[in-house]
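Chain lettering (A, B and C) follows the sequence in which the chains are written, and residue indices restart at 1 in each chain.
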C-alpha cells in the first residue's frame, strides 16, 4: 500500500536515476572498456610521436639538441628524387600485396572451408611459414634463390632457360623477388584469418544458395565474399598501412639496393636517422608516410559513414 | 710492465685534480663496476675472444674495478639509442671517428684531454693518430683497430698460371682480363651481406688514382673539387671493372653472393683476387688450406696504383670513449689506459687477430700472428709513420657523403648516371656537410 | 547441431578433388623451403656444399645440441616465453574489452578512436625509438621484461583490437540483447557471452601477437641490454653471425627458435577447431 502511495514521487526520482544510469551505460561504460589499452598506447606511441612532429621541423642529429628550421625538411623532401622513387616503390609493393596474397588466401580458404578430412594438416602447413622470423626466412630464400646452388640452378639443369641469374641482384627483378619471399611467409596467415571468418558464416546461407542452383563461383561471390567482408576490408586496410611500413625483408636482403631498386620509405627513414645522423629529416619522411596512410584511413572512414559496414 | 703501468696510472691520479676529487667517492676496497658493450655480430669469435683476453685480463688485476661486458647483437643501434636517452655503457664504443664525433658534438662523451695528459697518451700513440678522435679542439675518442686494404691473391693459382702480382692499375686491368680469359673470376667481390663493401672499392680507386692520396687530402680539406679528372678516371675504371663482369662474374652475382660463398671461391681458385681489408685475414683459414679442404695459399701485395707506388689507406675500425653520463669516469679512464697498453693490444692481435691501435708494439711477443698480417701491419706502419697514407671513406668522410658514395655508385654501375654526375652529386653532399662542420678531423699532411 | 550435420552431408555432393589438388600444390609451396631448412640442419657443412637442396646423407643431430648450448637458448627461450605470456594476456584482456566497446557498445567518438589507433600503427618504429627510450629510462623500465612487454602491448594493440572487433561484428546480436533485457551488465555480457563466442578470434589474435613478440628484434635489442634478459632472436642473431659460414649449424639454430612456436601452435590448433564446433555458431 505504502509503495503505491509513494509511487509518483518515486517515478520521478527513478526516472532521473534511470536517465543517469542510461547515460552512464551508453556514454561512460563504453569508454571504460577502451580506456586501459588506449592509455597504454598513448603513453608508448602518441607521446613520442608528438615529439617527432617537433623534431621534423628541426635539424637534429638524433642525439643532443635540435635546431628549429621550420618546414625546411618538408621542402627538401618534396624536391628529393630519392623520396619520390621510394614512394613509388611503396606503391608498387602495395599493388603486389593487395592482389597476390589476398587472392591466394581467398582461394585457399574457400577451398579449405568445406574440407573436413585433413583440414588440420592443411591449415597448419599453410600457416607455418608465418611462424618463421624474417631473418630466418630471408636467409633461407637467399640460398634458395642462388643461381648456382638454389632452385634456379635446378631449373637451369633441367634445361629451362631464363633462370641463370640472381633475381635479387637485378634492378628489374629485385623488388618482386623480395615481395615473393615476404609473401611466402605472409599469405598463409591471411588464409587463416579468412578461414576463421568463413567459419562464422551461417551454413544455411550456403544451403539456400545451393537450392537456388548456384555453382562454386556464384556461391563464393554471393555467400562467402559478403560473409567475410569485414575481415577482407580490414585486411585491405592493414595491408595498405603495412605496405607503407615494409622494412624487414628489404633491409635484410638488399638494404635498398641494387641502385635504389628496392629503396622504400622505411629504408630511407632508417638510413637518414641511423646512418646519416639526419634524424630531423627522417622524422619528416616518417610523418609524411603517416600522412599518406592517414588519407587512406580517412577514405575508409568516409565510406563507413556512408553506411558500409567495415 | 704491468707494474710500471700501474705506477704511471697512480702517479697520474695524484697529479690530476678531477681524479683526486673523485677519489674519496670510490674507496679502494669498494669494487667499482663498469659496463661495456661489444658488437657480437662482427663475425667469427672475435667478440668473445676480446672479452676473454682483453677484459678479463683487466679484471684479473684486482685493482677494485670490474668491467662487465655484454655482447650486443644490435650493438650500434642499442648504443646510440641508449646514449641519446641519457643512459648507455660507461665505456662507449663506436664504429668509427665520424660516429664518435656526432656523439661528442651532442655532449654525450666525456673529454679525455686531462686523462691523456696525466696518463701520457700523447707519447704512447703515434703522432697525429689521436687527432682522429678530436671534436671542437678536444679529445673525445681513441681510434683503434687501425686497418688498411691490400690486394689479396690466390698465390697457388697465380703460380700455376705464371701470373705476377700487379704493381700499377694498368697491370691490374691487363691481368684481370687475362684471368677472365682463363675462365676464372678475377675478383671475389660481393656485397650481399654488407652493402657498404661498395665503398672499399670506391675509396681504393680514389686514393690510388693519378693524384694519389695527396689529391684526396686536398679534396677533403676543400682545396680540390671531387669532380677532378683524376677522380673521374678512377670511378670510370671501377665502372669498367664491374661492367666487364670481373666482380664475382657479373653485377647480379656481386649483389647476391655472401662473404662465405665468395671466400670459398677465392680459396678454391675459382676466383683469383680480392681487394679487401686486414680483417679478411682473421677468416682466411676457413678458405685457404686444410680447413677449407684445399692446398692453396693466400698472398698479398699493396693495392696497385696509377703510379705503381705502394699506397696504404688508413682506416679506423672502431673507437673508444667515456660516457658523459658515467658515474665512474676515472675508473673508465684507467680501463682505457689498460686497453691501449702495447701489452694488451699485442695480446688481442695474437689471440684474436684484432689489428692494434696506433701504439708501438716493438718488444711485444707477436708469435702466432698470421705472417701476412704481420707483414701488412709492418708495411702499413712505415707508411703511416712517413705520413704517406691514403684515406678510407668510413674514417675520414662525413656520414651522409659516405652513404652517398656507397649507394650511388650502384647507379653508375647500373648505367643510370655517369661517373661525372656521381662525383658532382658527391660534391654537393660533401659541401653541405662541410659547412655544418661534420667532416671528421683530417690530420695535416 | 543438426543443421551442421545436414550441411556436411550436402557438401559431400560436390566433388572435393579439385580442392585437394590445389591445396596440395600450395602445401608444397609452403613446406618445400622448410623441408630444405630441416634437411640442411642435419647435414655437415661440407655436405651442404655438394648437396644444397636434397635430403641429408648423414644425420648430424649434434648440430642441435651445439646450437642449444652456444646460443644460450635455455635463458633466452625463458625470457621470450615470459614476454610472450605477459603481452598476449594483456593484449587479449585489454584489447578484447576495447574491441567489445567498438563493436557492440556504440562508443561515442568511435571514429576518432579508430582513426587514432590506425594512424598510430602507421608510424615507423624507428621514429619514436629515442623519445620512448628516454621516457622508459626515467620510468626505470629499461632492462626490464615488463617494461618491454608494455611497449609490445601498445604496438600490438591496434591490430588486435580491430581484428577482434571484426570477429565480434559477425556475432549475432540476439544473445546480448536477451541478456540485456534480463538486466545483465556490460561486463557480464562481455565475459559471459561475447568472449566465449569469439573464442576463435581470440586464439588467432593471441597467436599473431605471440609470434610478433617472439620474433621481434629492434625493440628487444635496444630495450634489453643485459645478457640475462636477452630474447631468442638475439640468440639466433649472435649465433648466425658467429657461424655465418656454417649454414647447417645456423639452420639448426633457426629450427630451435621456431620449434616452441610450432608446438604451441599445434596444441592450440586442436582447441581452435574445438572452439569452432562447440561455439554454437549456427547463426
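We adopt the following convention: a residue touches a chain if its C-beta (ideal position, glycine included) is under 8 Å from a C-beta of that chain, and two chains touch if they have at least 3 such contacts.
All values reported here derive from a predicted model rather than from experimental measurement.
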{"item": "Far-end chain from subunit A, centres as C-alpha averages", "value": "B"}
{"item": "Which of B-C and A-C has more C-beta contact pairs", "value": "A-C"}
{"item": "Inter-centroid spacing, subunit C versus subunit B (mean Cα positions, whole Å)", "value": "41"}
{"item": "Chain centre separation (subunit A, subunit C; CA means) in Å", "value": "15"}
{"item": "Per-residue overlap in subunit C, given as positions that touch at least 2 other chains", "value": "130, 217, 233, 237"}
{"item": "For subunit A, residues contacting two or more additional chains", "value": "62-63, 146, 274"}
{"item": "Touching two or more other chains - residues of subunit B", "value": "77, 84, 258"}
{"item": "Subunit C residues within the subunit A interface of the complex", "value": "3-4, 6-8, 10-11, 14, 16, 18-20, 22-23, 26-27, 29-31, 33-34, 36-37, 52-53, 91, 94-95, 97-98, 100-102, 105-108, 111, 113-124, 126-128, 130-132, 135, 150-151, 153-155, 157-159, 161-163, 166-167, 169-171, 186, 190, 200-201, 204, 208, 211, 214-215, 217, 233, 236-237, 240, 247, 250, 254, 257-258, 261-262, 265-266, 269, 273, 276, 281-283"}
{"item": "Subunit C-facing residues of subunit B, complex", "value": "37, 40-45, 70-74, 77-78, 81-82, 84-87, 89, 193, 258-260, 263-264, 283, 286, 293"}
{"item": "Subunit A residues within the subunit C interface of the complex", "value": "25-27, 29-31, 33-34, 36-38, 40-41, 43-49, 51-52, 62-63, 104, 107-108, 111-112, 114-116, 118-120, 122-137, 139-141, 143-144, 146, 149-151, 154, 184, 188-189, 192-193, 196-197, 199-207, 210, 216, 230-231, 234, 237-238, 241, 244-245, 247, 265-266, 269-270, 273-274, 279, 282-283, 286-287, 289-290, 293-294, 297-298, 301, 304-305, 309"}
{"item": "Residue numbers on subunit A that touch subunit B, as the complex places them", "value": "61-65, 142, 145-147, 165-171, 174, 254-260, 271, 274-278"}
{"item": "Interface residues, subunit C side, partner subunit B - complex", "value": "46, 49, 129-130, 133-134, 136-137, 142, 217-218, 221-222, 225-227, 230, 233-234, 237-238, 241-242, 244-245"}
